[in-house]
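Letters A, B, C, D, E, F, G and H mark the chains in the order given here, with residues in each chain numbered from 1 onward.
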Amino acid sequence: MGQTPKFVQGNEACVEAALYAGLNFFAGYPITPSTEIAEHLSVRLPQLGGKFVQMEDEIASLCAIIGASLTGCKVMTATSGPGFSLMQEALGYAVMAEIPCVIANVQRGGPSTGIPTHVSQGDVNQARWGTHGDHAIIALTASNHQDVFAMTVEAFNLAETYRTPVILLFDEVVGHMREKLLVPEPGELPLVERMRTSVKEGVDYHPYLPREDGRLPMSDFGGVHRYNVTGLVHDMWGFPSTDPKVVHGLLRHLVDKIENRAGILAHYKEHQLEDAEIVMISYGSSARSALHVVEDRRQRGERLGLLELQTLWPFPHELVRRKCDQAKAVVVVEMNMGQVMQAVKLSVPQPERVFLANRIDGNFITPGDIMNILRIIQGKGV
Amino acid sequence: MGQTPKFVQGNEACVEAALYAGLNFFAGYPITPSTEIAEHLSVRLPQLGGKFVQMEDEIASLCAIIGASLTGCKVMTATSGPGFSLMQEALGYAVMAEIPCVIANVQRGGPSTGIPTHVSQGDVNQARWGTHGDHAIIALTASNHQDVFAMTVEAFNLAETYRTPVILLFDEVVGHMREKLLVPEPGELPLVERMRTSVKEGVDYHPYLPREDGRLPMSDFGGVHRYNVTGLVHDMWGFPSTDPKVVHGLLRHLVDKIENRAGILAHYKEHQLEDAEIVMISYGSSARSALHVVEDRRQRGERLGLLELQTLWPFPHELVRRKCDQAKAVVVVEMNMGQVMQAVKLSVPQPERVFLANRIDGNFITPGDIMNILRIIQGKGV
Amino acid sequence: MSVKEYLRERFLPHLWCPGCGHGEVLGGLVRAIEQLGLSKNELVMVSGIGCSSRISGYVDFHTLHTIHGRALAFATGVKIARPELKLIVPMGDGDALAIGGNHFIHAARRNLDLTALVMNNRIYGMTGGQFSPLSGENVSATTAPYKTIDRGFDIAELAKAAGATFVARSTTFHVQQMIEIIAKAITHKGFSVVEVLTQCPTYFGRKNKIGDAADMITWFKDHTTPIGSKAKQENPGLIERGIFVQKQEPEYCEEYEKVVARARGGRS
Amino acid sequence: MSVKEYLRERFLPHLWCPGCGHGEVLGGLVRAIEQLGLSKNELVMVSGIGCSSRISGYVDFHTLHTIHGRALAFATGVKIARPELKLIVPMGDGDALAIGGNHFIHAARRNLDLTALVMNNRIYGMTGGQFSPLSGENVSATTAPYKTIDRGFDIAELAKAAGATFVARSTTFHVQQMIEIIAKAITHKGFSVVEVLTQCPTYFGRKNKIGDAADMITWFKDHTTPIGSKAKQENPGLIERGIFVQKQEPEYCEEYEKVVARARGGRS
Amino acid sequence: MAKPKLKQHHINRDWCKGCGICVELCPKKVLELDDQDKVTVVRPQDCICCRLCELRCPDFAIEVETQE
Amino acid sequence: MAKPKLKQHHINRDWCKGCGICVELCPKKVLELDDQDKVTVVRPQDCICCRLCELRCPDFAIEVETQE
Amino acid sequence: MERCRLVFSGSGGQGVITAAIILAEAAVICENLNAVQSQSYGAEARGGATRSDVIIADSAIRYPKVIQPNVLVCLTQEAYNKFSAIIRPGGLLITDSRYVKIQRKVDAQQRELPMYRSVMEQIGKPIVFNICMLGAVIALTGVLHPESIMKVLEGRVPRDFLELNQRALHLGMELGRTAAHSSATART
Amino acid sequence: MERCRLVFSGSGGQGVITAAIILAEAAVICENLNAVQSQSYGAEARGGATRSDVIIADSAIRYPKVIQPNVLVCLTQEAYNKFSAIIRPGGLLITDSRYVKIQRKVDAQQRELPMYRSVMEQIGKPIVFNICMLGAVIALTGVLHPESIMKVLEGRVPRDFLELNQRALHLGMELGRTAAHSSATART
């Protein structure tokens, strides 16, 4: 049955993927345009014996899934801009306490209440820097439902692998549009399960002592190991410490476990980059318009290619540098004022060759919008 | 009397400056290491007939001062990391509704609860990107009490001039240490007062129609002009709109009014930069250690200089480029993992010549720490 | 002044669905204000986010449309800064008591002199019909396909326990009572809470098969009763209408004046 | 098991000030648990931030030291995910009812089966003595140099109105009663709230010239009385001690089982 | 005071959304919706001027004008 | 049941913070603080083994051991 | 290659969005084509004109919105006024004769069909108005087979309502066919 | 040029921080010098050893912390154990003889003064213990004039407590002087 296609919204594809990945606890608070994720889960989770809870707000939602994660559940919450802003404190806690959890942010127009029902990709930098203090984060995105499915599964896998919150940065267009989805057969996509400690009862268990491979086996609350979890800087047992060595060690660990793996964490797709003179870089729904342009112009012989980023954080600087080194010009296509463009400029040797094709008026960026910019760039004789 | 020195904490210097600037409404919620700001104001404001309110949390605190600002008050709140994270949604509202207000974040060790009583400068990027959606922000900082005073007054002035929230990004060391403060005589420092509309009763007043000089005159709640304030995208009357032209226009206005003025907004101090081969860039308390090093090494004939940034956002790219163009090496001294260093790399032509001298273990960075890095760099033969 | 003069007529017809009770509450509110003959310049309306909160767009007062759940926090700032202004804070049930619950109980505790108007349709309308903390058990909603299990708040009880000094409830069926109560609440010195049971035909009505707007309004007639009525004793399931609490206690802004006096008296 | 076996002795002496009542509450709690003979592996303690919340570091349970005001939200996740675990959620008065007020009333509304233990010292200890929503009027604090004007919450009233099914109050003077009540609260099925009046000699005591820890404890003896006592009628100013509410109502996790049943029954 | 006599119903067809509240809750069944789903007065003679339609209309679409 | 007889007070001087709670609230004034501000038993014979000092000590620093 | 770009418009209650979903789903599930459906949301989706876009194609669809529909359906005057201008020159414009008075002339084949009236007269249940509309669209465009629509409906509506929907679908197809013949030359 | 770097340490209740502030404030307000005072906070400032740093100089002070004090005061054993090692070689180490038992030998001039005992015996009010300590520091270092301290105290303590503080200050200065003479050679 897995192979009979479904015709669903992107938000529903995210739900199907989460369940495929083993989600069994969701807590959330409704907000446009992410609400369908909660709505579909309120139907599906109870059927599977999982837990669906509607909390009093987004802060409580994230706190609740963190608590549930510590009991061994695979957990998720979903929100949009304003709710994501409210989650920033608890997000930092999940980073600090190294709690596997997934947070979907289906982006809408901001800042503030903005244009709630219109599309935007304005939360990219917030996903990276929204909570206080130095930290690292993983953020994934996708442009079509099959990829929404794949990236959602990957989000759960990375959350478990690195004991970290993972952000799914979708947008209103992908979240709300309906298209075909083929749900993979069980086993078709690899799943990373909670790594539980092999330490026996009575033997000293260190919840925050990384193994050689960097992973930190966990022990479910209610199990035989009783330890402490805190948002304070803590030692390998999870107890508060202000010892400078401990502080330095913990903060480096939290950042390095992710930043040092930017290479292997980099998910992306490329379209006709081989001989591309102009490399477009895009992600999420904007990548659909960008790809439309590539396919359209290629027919007319223009040497145009697209690098579609699926991992936004840690930013794949190395990948971007590599893919762009032949390019005469790099055009970042996004629906914000150039948040990813800034990161691209940091990646390439010639930042002055990086251009922005964007739209910020709440409407979905069209191939025409992109073409207009390309004309200008080409006019520049690039 | 203004000229008899006071011996105070940095937090108290901030309080004196806020009152000097005309603060008459403060709402806050205690948190280390910013609490002294609230404590001192709870003594001083009532004496002056101003309003001091302790709210139920930080969210309510920021909301309350926004409301008070609309009645014509000069307003402020103060917090630290976790509270600042909670304020992100309301901060975006202040940006969107263009509400003059000042938010002091006395930084402590993060992420999460982190090391509450220890110093850090880890919230620099959060100040820029903490709330959802594209936006611009002004953030100021200082390294000594006289500058804390000056920058606090400037924060109120800029908030009024640009109808925007302004963030004071101090840190635990400056906030808690005591040193001399000379409170300027009244009139000694220029003050920007609330610009109220000259439009008469009955005549159509546009709260969100910028004048040629870009300023938007306000009308106090309770006055003769009744208008609407909202966090939704809105037209020049303040009423919700989803018209793409209105959306585009408003978002550009919100960002351009600040980003386009990065030059004139750039406050800084320079120490012996003229012939400096190594330019150190620092801010806040770290700049004290950096300056210590400059003065110390200059005696030994090393050509070392310091650019102390007081405006962190909008980032003074142009200034930094100019001040560094003679330098063999640029060393950013900060107590985080290189947040300002990233911005500096974006400013200078040779990012590879930018180095980081930092400390992240909760202890205050020492001149010795900086010297060690300098040795390494010099070892690199730079 | 006529009722319509309190409205921003240019924005009518409003964005609410046909039969939405929020329009009736808006009508009740402006009629109450018209009866009190208040001047528009002394009126400030602060609302949050929700269909209900859009009410602030339609009244010709100083209007502050804020963020979800925080209306009372913003209002606290406005009121303490300018105690002479009259504040009206309409909120949806979710706005007031889901995400906004904490500001609700704290504003009540401070006995701040303003009127909190809870437009309780027992659902999240704006986001498309999810259940709210006022839905109560056994209600269908887009996030409760198997019916709700959460118990609902009793707004009046909660407001009372938190310290509100005026607490009342009415419905969109009992329009005259609604107007009368809102007028009393506005004139009350201190924190006043008026809960109006109102209909969301689009979501609550449809999802729970209560019929159209008129049927929902009739439901309020059949399922409510005056406070302490005999009917209530016979059928405890009935919801009471009327004024539950009305008492004088120290009001925050007045108390603050004393703080200023003490400070000026130099006691520290 | 002996009382000490429930403690992480290696961390004693704890970080609380000399005479801090939080230590007495810790003692009362572990003694209650010892009497109930609960196994450490089935116990989860979730606390927020504050001096009080540091209690989770000293008990040898599964301990979750979270963020300020959110303990009950985290606890909601733990409990619903693993209903068989026993949850104890100690909070300071600020933690529970200032920033945490919303989660407090919503956890009560859901009647989630856990024990909320409010260690009420009427002050923010951790941050150095600012007033709290429980300070009440006429109290001196570092942010109330001219004394407080805010009225205080009545935790018991609020918990009751919000839907708690077990509500009680004791003090650090009445240690035996405290132990007994905590034990009853833990065994109660549903949301139980125990408020313990406790002393912060360092800030509340000093600022309000009540004397040392022992004097503060004695204050509790002189200013409290059993619920409904004659003394209360004669002197309404007295604070009542004892169990205010104890009733059985549908518990959230049990109700959720029904949702699963309905879903599996395919009703949708 | 003499009970008021109806002068006329003022109906704002642009504002009326045809929700039917006034129609169904009019004690005298004075009102109906036309084929455009707008309210119309079909039995003015029965109107007792209780104004409930006016007060309950969510859209300010109906006003009852009375004599003296 | 026979009222318990005191065997001894176990005092943990490392844990005792000298707050004086046990001293001041002991109904029989059995305890005192020494010059190091640590609790000591000065009138064991008066002890009625009510254990209030044990129960009220915030620091688990005093335990009352009784015979049978 | 793209087969068809459609825009269905009307008022909230009329079910135009559902119709669009059914059509697109039928294309994907039953005829193994690609299809995307999207719609305009709005806090103001309370009342006002709703719109739903559908693209049906053999190949992958990248840009999911419809800028110039070659089939435009308007079921209310407001929708007609708002959207009629966007139709592709020579496209097909379907309106309901009860709700829409054609005003502006546009370069398109205009079909005013008495869909609502017929549904009320012959079936008496307004809920299937949108299915009737679907029938007309299929008859006039031949973009999909009616069986595909029925198959999707089977998965969506309770058994005892199926027959009702089937009748509405066929009713719409009739209206469409007759219109097609009658005014083959009515190109305005 | 820097005149003096001091570290005062003890337990929370002893008022070492207040003493440090008074000293630094006196330098700034009364002797027109520069001074910085800072202290170690800690959620664990509940009990534990507190520490306060003071730097006094003629010129501007940049780095505000004291790494190697040339004057170290320890009023509890815990503070002594924790901090005695950081003293500058040849520096001045002042301890209270009731609370601190000197153990480790450090390259410094060690002064064990019976400050607490003297305060209790001659004044009977423990609150002025820290002022007595200040007196000793001044006598032993001459870093400031006692009048400056008194001037600052006037601004801080209620009038009727002034005399008390003055006595404590002088008591401390005596203890300091005698110690200075008695053990001029006690350099260990």
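Everything that follows uses one rule, which is that contacts are C-beta pairs under 8 Å (C-beta built on N, C-alpha and C of every residue); 3 or more make two chains touch, one makes a residue touch a chain.
Since we're looking at a predicted model, the values are computed, not measured.
Within the contact network of the assembly, the step distance from chain B to chain D comes to 1. By the count of C-beta pairs in contact, the leading chain pair is A-B. Between chain F and chain G the centroid-to-centroid distance comes to 87 Å (mean Cα coordinates, whole Å).
Chain C and chain G have Cα centroids separated by 42 Å. Each of residues 13, 16-18, 20, 49, 67, 99, 101-102, 106, 126, 133, 145-146, 150, 256, 259, 262-263, 268 in chain D touches at least two other chains. For chain F, residues that reach two or more other chains under the stated contact definition are 17. Multi-chain contact residues of chain H (touching two or more other chains) are listed as 42-44, 47. Every residue of chain A that touches chain B in the complex is listed here, in rising order: 59, 81-82, 84-86, 88-89, 92-93, 95-97, 107, 109-118, 120, 122-123, 125-126, 128-135, 230-233, 242, 244-245, 247-248, 251-252, 254-255, 336-337, 339, 342, 345-346, 351, 360-363. Contacts from chain B toward chain H in the complex involve residues 4-5, 7, 32-33, 116-117, 172-173, 176-180, 285, 288-289, 291-292, 295, 364, 366-367. For chain C in complex with chain B, the touching residues are 11, 40-42, 44, 46, 49, 56-57, 60-67, 70, 73-82, 84-85, 102-103, 106, 256, 259-260, 262-264, 268.
Here chain G touches chain A in the complex through residues 21, 24-25, 28-29, 34-43, 45, 61-65, 67, going by the rule given at the top.
Chain A meets chain D in the complex at residues 25, 27, 43, 46-47, 49, 51, 53, 55-57, 59-60, 63-73, 75, 89-90, 93, 221-224, 226-232, 239-240.
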